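Each chain gets a letter, A, B, C and D, in the order it is written, and its residues are counted from 1.
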């Protein structure tokens, strides 16, 4: 979804902490909202995370589509965990800001959000995310995100 | 929240349709997600809408704060309905895109989202929104949004 | 420009460094691009900076209006210096990211960009900016910005 | 630059108007700012445009790097023309809004901006752009953009 031809192929990242997948999965499990929504973490790779969410009628907007903010919830988490997967073991991740463009109504039986690290950094990590709807006609892009994530010490977040 | 001194005072908008409040309230009532979250529409004025949400532990992120996307949900709806309040009677509103900056952890007993029209337009309306947490120490800003809303005919949205 | 009624009045900031105006003016003077464009710094207050730019035909886009990126240049600098005005004496400021909405074609004899701090922070400062065109019919909003600025040590920027 | 692995390969677009390259080049030639900056249009394909700019000391910020807004100028134009390349013959293109993340200081002898269509539309087109610096150590990403472009009739823009 992120365009046509890029001068760079896929980036390969080396995680700072070998137990990154375990840390991502443990943090995801603590996100009450993901459980409430019924979202699941389907893939965790260094700098790339996929989250899926079945359609939920109780989270729709006025026209019967999944609400934009619920679409945002899964791609924000996918981007945040993509950044987190490359952070050192004692870091926590916070969303500084995000921008989302909505490409089509969120109609489908399942929504797949992929978050990818565009540029890792000691303090700030830039990420890109896409959300696709699974429909009878195949995968259809519904949203794209550009987001800034921040590494903070655990102390700062639990204060 | 939106800064210090602006060269312009508050804008005054004249709605295209006198029944704007009724239309906003009817559309809000059709948003299943707002009911599921427990959000309520507390103020509807031409070009300005306020939505409130009590804290919900089942919508928190990994550190126990309200998830960024739930904060986004109420301010997106406040901005969308602020734009919708100025649209003609046969229009529907869609979120084209938004950007949100998170200013502080979403801790508090209640969250208040205010959406305001910055620039109305026939097709596109630019809106600004702020979210505040009600805490023992008073109102505290937690997020600010800049969003683009689009007027579409009812036909296009119910297709 | 930033909306109608805000629950908060203008914020008052206390600068960390009393010589903030001198630091802002010295840094502005080192921005070769501001001199090349013919922009000038017309107001420096704690957390708020105004930059002006006369219309320049050599910086227009294909329809004869000032190019969006030149409009962005002055409001980015106004926001960056608004943030910088509140930073400690040994800090430098970098733009992490910005989002700009264009509200009207940039037609006018002069453009006035106001940058304001929305939320100051030790590392990140969130700012809001507006650009107005001076026309025969008065001031007219042409763009609005929401931006994240970062304080870094001088060492990091001059490397 | 736009991430690691996408579920979709490069998109292929069919232009609505076979003379798209000629239209893009004619419009670019009318952008006085591109000539003033010394930028050139190096590639025009359906839904994808590349613009290059040699380093210019007179467009630097306070630390001697190319100013963020000049980086923005070339990637905004690349994205705008990428969108324009797919529009019908009687349309003009306007930038509705953009968001840019700055990934590294804009140091290098040349800057290459690539704009790509993410989602074309009758009224709105969503685009993604990247800017790279050409350095002795190879191409280095300096910025990434997510932008909304709008098709308008020529009449509306020349008013």
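Definition applied: a residue touches a chain if its C-beta (ideal position, glycine included) is under 8 Å from a C-beta of that chain, and two chains touch if they have at least 3 such contacts.
In UniProt terms the chains read A, B, C, D = Medium/long-chain acyl-CoA thioesterase YigI.
In this text, all values refer to a predicted model and were calculated from it rather than measured experimentally.
S.K.: Strictly by the touch rule at the top, which chains does chain A share as contacts with chain B?
M.R.: C, D
S.K.: Determine, using the mean of C-alpha atoms as each chain's centre, which chain is farthest from chain A.
M.R.: C
S.K.: Where among C-D, A-B or A-D does the B-C interface show up again, with more than half of the contact pairs the same?
M.R.: The same interface as B-C is formed by A-D.
S.K.: In whole angstrom, what separates the CA-based centres of chain C and chain D?
M.R.: Taking the average C-alpha coordinate of chain C and of chain D, the gap between them is 23 Å.
S.K.: Could you tell me the distance, in whole angstrom, between the mean C-alpha positions of chain A and chain C?
M.R.: 32
S.K.: Round to the nearest whole Å and give the separation of the Cα centres of chain A and chain D.
M.R.: 26
S.K.: Would you please write down the residue numbers of chain C that are in contact with two or more other chains?
M.R.: Within chain C, residues 96-97, 99, 101, 126, 148 contact more than one other chain.
S.K.: Which positions of chain D touch chain B when the two form their complex?
M.R.: For chain D paired with chain B, touching residues are 96-97, 99, 123-124, 126, 148, 150.
S.K.: Would you mind writing out the residues of chain D in touch with chain A in their complex?
M.R.: Going through chain D, the ones touching chain A are 1-8, 10-13, 45, 47-48, 99, 101, 103-104, 112, 114, 116-119, 126, 128, 130, 132, 139, 141, 144, 146, 148.
S.K.: Considering the complex alone, what residue numbers of chain A touch chain B?
M.R.: Within the complex, chain A contacts chain B at residues 27-28, 30-33, 35-36, 57-63, 67-70, 72-73, 76-77, 92, 94-102, 105, 157-158.
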